[in-house]
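In what comes next, chain A is part of two complexes: it sits with chain B in the first one and with chain C in the second one.
Our next item is the complex of A and B:
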């Protein structure tokens, strides 16, 4: 490791606690006098070196949840959690906020917008270093170059002097990643990091993320709607529907044996080149913040719906290492064969 | 044709700047020196006057026997210093206020500043400056231990006149930028608000306010001279273009009305040069305008 590495890099590995635990994260937006719940009781536990995916459709609250972790909600948004544990220590929301930008960094969706158009990329990376590390000017110069090389930007030394518009979308996202890595974070929150990039570039970015995660022993919270991406790059996944966690578990288990009708529906929507299947979309659409149904939020679109579903809001129930929130989960899993 | 005009404007502005900066080196006489045609009698108003001691005054003398050319040179200096520094100060103030109110749009700070600016905007054009200078007086005002010079009083008055509109422009161009993703990214990096405004936001929003302030330079010269003409310029014997113009009224009595053209033409030339240059700078800085022209 070169200059600028956090001194506790080694110490972090000895830790047996999860890196970050959040219990019952709630996000609501106030509209006039109304309080609209965007995320209800989301619990996350992220181990060191692990990738946890938050999966859901647009409007499921996945971005709100990720934004809450870095206190980046829009002006009318507020969040709360019962407990925040970082490296085995209970911390307050304010303490969590102080970690952002240093121990916890955030990678924006749209790389072309996330970079300041009037500054060279080198200046932007050095600015992060200046603000979040105690490196000298000369050291920052060296570290910026090292970061550019780390995210595999060819001809990094001369590209430091280039402006964002001189880069392609994929290269811009690498620079955004370099900026996110600059303070040497232990947790990177990547909010749909490949939106707007084509498939080959997307694959490159995820390969790079996986390699960096290994090299830096960093954890990642990946916000995604694409199950293909989740299957290849995440260890654990939380499936969010209309602000509610409907299922969570290891990615292996979720893909082999989805237990919730919504997860099953999502998987059936995914492309499969090997099976010559017709896409099978979930009927209806995700309810808006002000039109959440009573009972189970998914019941209006659910094929397993019974009368009980309209009144009972199911809790997350443990089930072979997975957890699922559906009163019919036994029938559902009995009816869907292992794939 | 347009480009040539801009070059002409730039050349004229440069010449005037040269006069303002190096004026004292080549002004033939002191601006306050009174010449006499004979002992006991002031030099009469005329062109190419010769004084009792044999000096020839190129542009003649004013009613108090002072050399017109020297006064014109020093007057240009005064007018330019006042107008350029007032536009500069107003622009800096507008950038600070505009970017802060734009970033904090809808906050109490934004509301207070913008309502104050609305109040200032109710005064049309130069009227506010006239009122302020008349209220403060042209002798300079005491602010604690510091006493301002009369020139500073006029600069402050003009800053009050120019800042509101420039601030509105700056705020207007800041608001859309403040909602861009890179600002959000900077916030999520944990940067403090003042750093975000100063280093991330403001540099992206300067074009419009700079264009507007360059066009204000001509207006500033006009306003400075206007104040001087109305008797609100720097106190005697300090020359100022508007004041010199006002004094040429005295030539009318001598049936030498064309004397009015000497300071009058100088002021017009300066305003013209600044206006053309301002247009030119806008053409360079504003890509939309450039494309419009290219289409034709």
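Our next item is the complex of A and C:
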């Protein structure tokens, strides 16, 4: 599609390797002398053209994980991983960082604040093109227009000269998307891309994302708290609770047969909402960074809790293609019917 | 091609905005003419008493009233005065230097005050922006703490007090000749004028540098955490581009304070001029009030009011240039 990132394109057809693999991603924030772990040992594997969702409540560490991948953590945040593999090749953190803005781009959470208010949206898109592609000035002009049309902004040619405040929230998020697509990335990280938008606009954005993903054969890491969104747009999901992966697997499997009490609880909330019943929330709340319990992080809220749960921090164990971190997963599975 | 039309669009919207700002300044200006004109009638004494003296007879006073046109209806007098002002005729001196046109009388003091305001503003801005930016780079460092202490100290101290201290230190203790020279007239003696400018400008600038520094620090600190700055970083834009955007956005709230600060410095010159004996507007204002030189007083009030309107207008225009949200 554009010559600027051509070298990155070739491997896209090569399906033998996942596009990006991260092993044991850890994120911590330092507060004074303390080191607070926001994400512990998150492993991700993203195939080309696949959407992987990171699911969790606010405070679960899902945004920290996404931000770490593009080195966008706040000043007191740091991250590390045992291994980073991009297209079958081991790379360092520095090499991963050099991919950001080119092969890996990011879609911000809050569309109204993600655009620079003093520059026209056209200038902002063209700037990304200027620094990340080898297009000439005239080509950038054409490409910016193409991108605006690609994200379905009506009257794109004249809107290029408009400022962010002259757009609605949904349109602003489309422009953020246009900027993220400008360098022709192979992986887009979308961090709750519809926060603060109407439900109808939300649906439009996800439809657009799904179409663009297909057209551009791009992979997406979708950070979400809404299981409905995950069910319709993701292939795989990682369920994060208090910085720890409690369950992961294909979205089909997870929704059909959740294995972890937390996932079950999350799904019950969602089901209840859809059935217009009284909400059936998980009791308690997610522990803050300083108050993470010993043993299994979920045990204070868990209905299946036994004494062992307070001391044993369960590993992710494979189970019929899913993986679940719960020492009682067999009992839990047995007691929970398929839905 | 597209670039040119977008530049043209920008200039057109900017011109429209400037036009709107100028039009909206007019009512305020008219109000100020009312106030300065009315000054003549609401203060005790008046030009007649001033001219005739305490021993003047009724006939003498009546003659003076006739001569000055004070028996005409009020609106006629007002329109005559405004007409004069518009054609550059502000009236004549009556007491201090009888017969001298006020415009001529005020030319030099206005210039002196102008240079003093500019110099004070330059010091306040450079010091304030530099200190503020330095503490924003490393928040909560010793540099930040030091700048906080200095800032709070300077903005809690009145400028005329600083002026007195400076005068005492440099004039009385060190006995520098230039500390009390006072004359600021660049058409006559540039070096001498610059020397006379130094201390009053420092007194004015230092007193306002603190507030500029605190606001600069706050804004530059906040802007680093704005989503769009984070987005630009994540998108891998070059560091200098991100810094440029941070400055551009961080400067916006500072611009608002700038206009206000320059206004304060302008007002501050009046007292500081008196301390250093600089023959600027401040010194004139005091003398005009003492000697009941009414036409001069009217003109000064008009001038000072207009300067404030002008400063606000320029601030608004600068804001419009920098921020498209204000233009539309």
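As a convention for this text, the second predicted complex is superposed on the first by the 323 of 339 C-alpha atoms of A that agree within 3 Å, B and C clash if a C-alpha of one lies under 4 Å from a C-alpha of the other, contacts with A are read in each partner's own complex, and residues count from 1 in each chain.
FYI, contacts are C-beta pairs under 8 Å (C-beta built on N, C-alpha and C of every residue); 3 or more make two chains touch, one makes a residue touch a chain.
Because the structure is predicted, anything quoted here is derived from the model rather than measured.
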Chain C versus chain B on the shared chain A, clash or fit after superposition: clash
Contacts of A:313 with chain B and chain C, given as first, second, both or neither: neither
Chain B versus chain C as contact partner of A:47, first or second or both or neither: neither
Which superposed partner A:166 touches (first chain B, second chain C, both, neither): second
Which partner reaches more residues of chain A (counting touched residues only), chain B or chain C: C
Partner chain in contact with A:78 - chain B first, chain C second, else both or neither: neither
First (chain B), second (chain C), both or neither touched by A:23: neither
Which superposed partner A:102 touches (first chain B, second chain C, both, neither): both
Clash with chain B, by chain C stretch, listed 2-10, 56-64, 92-100 or 128-136: 128-136
Set of chain A residues, in rising order, touched by both chain B and chain C: 70, 72, 100-102, 105-106, 108-110, 113-119, 127-128, 131-132, 176, 179
Touching residues (chain side chain A, partner chain C) in the complex: 67, 70-72, 74, 100-102, 105-106, 108-110, 113-120, 122, 127-128, 131-132, 141, 160-161, 163, 165-166, 176, 179-180
Of chain B, residues touching chain A in the complex: 180-182, 184-191, 195, 199-200, 203-204
Chain B contact footprint on chain A (complex, rising order): 70, 72, 97-98, 100-102, 105-106, 108-110, 113-119, 127-128, 131-132, 176, 179
Residue ranges of chain C touching chain A (in the complex, touch as defined): 2-3, 5-6, 9, 225-228, 230-238, 241, 245, 248-249, 252, 322-325, 328
